[in-house]
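Scroll down for the structure; my scribbles are underneath it.
All chains are identified by letter, namely A, B, C, D, E and F, in their written order; residue positions are counted from 1 within each chain.
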Amino acid sequence: MPIIHVYVWKGFSNEAKKKAIAGITKLFAEIGVPAEAVEVIIHEVSKEDWGVGGEQASEKLKHIKPP
Amino acid sequence: MPIIHVYVWKGFSNEAKKKAIAGITKLFAEIGVPAEAVEVIIHEVSKEDWGVGGEQASEKLKHIKPP
Amino acid sequence: MPIIHVYVWKGFSNEAKKKAIAGITKLFAEIGVPAEAVEVIIHEVSKEDWGVGGEQASEKLKHIKPP
Amino acid sequence: MPIIHVYVWKGFSNEAKKKAIAGITKLFAEIGVPAEAVEVIIHEVSKEDWGVGGEQASEKLKHIKPP
Amino acid sequence: MPIIHVYVWKGFSNEAKKKAIAGITKLFAEIGVPAEAVEVIIHEVSKEDWGVGGEQASEKLKHIKPP
Amino acid sequence: MPIIHVYVWKGFSNEAKKKAIAGITKLFAEIGVPAEAVEVIIHEVSKEDWGVGGEQASEKLKHIKPP
């Protein structure tokens, strides 16, 4: 423990993934969990498959790109 | 809140996705949650990866297609 | 299929749960899935355990109650 | 019930999936649940998207392959 | 890896939990994963919070108890 | 987006929750996501319900406490 499932839009860069994995693990280590026990799983989800306020993010947030 | 994760078979059409996102959001708005606060995340899963009663849906439910 | 995991704040009323379960199932039946195949799982989460914009919902959204 | 979400590395073979689905279902049947009520959903996750101890599994566990 | 999230009805006995954890781990070890790498997380869900075919399991499956 | 589900052992302190929520949100803001768009959901799981290497954490890791 802990296990962290992260859901982001498809297109999240490899650089961003590395930062997310390293940063979340460092954070839990600071909180008092051994870094080796931290598992982070990133799930990329198409903007077509992500609804916000009743619309697909691919429509509603058309111009926003994942980092 | 709320966050809704929807797991369906791969092949779920874009039309069906739009209806699911709009319909779930409308439902929660009727229940009393602001529509803007509703996030719906659709996860498409291959029928090979979905087991029912001990068998892959790709075998057991071979002739059924997602809408 | 489908399986729907719904995450709401603790305190979501039994009436709201019934409406969510019935409404989501009816929606998928209209989309073309047999109602009997729809499973909806509701997870109540304390506002202390739900972070929005970096703060616990119990602080940031102190005055908002679930329906 | 029950619903079982299994997260494995991408590349998990079809043979392994069949065994996981059949084996988990058999296990719950032995525990006392009707086999027909068991749903198993397998999610394949890239090793780039799976962090262990702060690093991507694609780096840290480069030489390990899923079965 | 793997990580397995198991959703069952509240009331699942401690004996059943032990069997589920031991049995799933043994299964993945047979498939070719080191037992030490298997994490199983059991989530107990009230029958009020579990919908089947549009109704709460607490209503529709009133007489069925978890093992 | 993003949505982050964090699974920890029951007993995770309120101080640790605040740090996890603030820290994960700050991290994604640094990666390039607006802080307001980050939702973090913490799920506390009993050590009886968490299996590691085939045993309940309540047995196998009896002396370890969550932070």
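Assume contacts are C-beta pairs under 8 Å (C-beta built on N, C-alpha and C of every residue); 3 or more make two chains touch, one makes a residue touch a chain.
These figures come from a predicted structure and were not determined experimentally.
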Contact distance in steps, from subunit A to subunit C: 2
Chain of greatest Cα-centre distance to subunit B: F
Centre distance in Å when subunit A and subunit B are each reduced to the mean of their C-alpha atoms: 20
Centre-of-Cα separation between subunit E and subunit A, whole angstrom: 26
Averaged-CA centre spacing for the pair subunit F and subunit A, given as whole angstrom: 14
Sequence positions of subunit B contacting 2 or more other chains: 3, 7, 20, 24, 39, 41, 43, 45, 50
Listing of all chain pairs that touch each other, if any do: A-B, A-D, A-E, A-F, B-C, B-D, B-F, C-D, C-E, C-F, D-E, E-F
For the subunit E and subunit C complex, residues of the former touching the latter: 7, 43, 45, 48-56
In the complex with subunit C, residue positions of subunit D that touch it: 3, 39, 41
In the complex, subunit A residues that touch subunit F: 1-9, 16, 19-20, 23-24, 27-28, 30-33, 45, 50, 57, 66-67
Sites on subunit E touched by subunit F in the complex: 14, 17-18, 20-22, 24-26, 35-36, 38-44
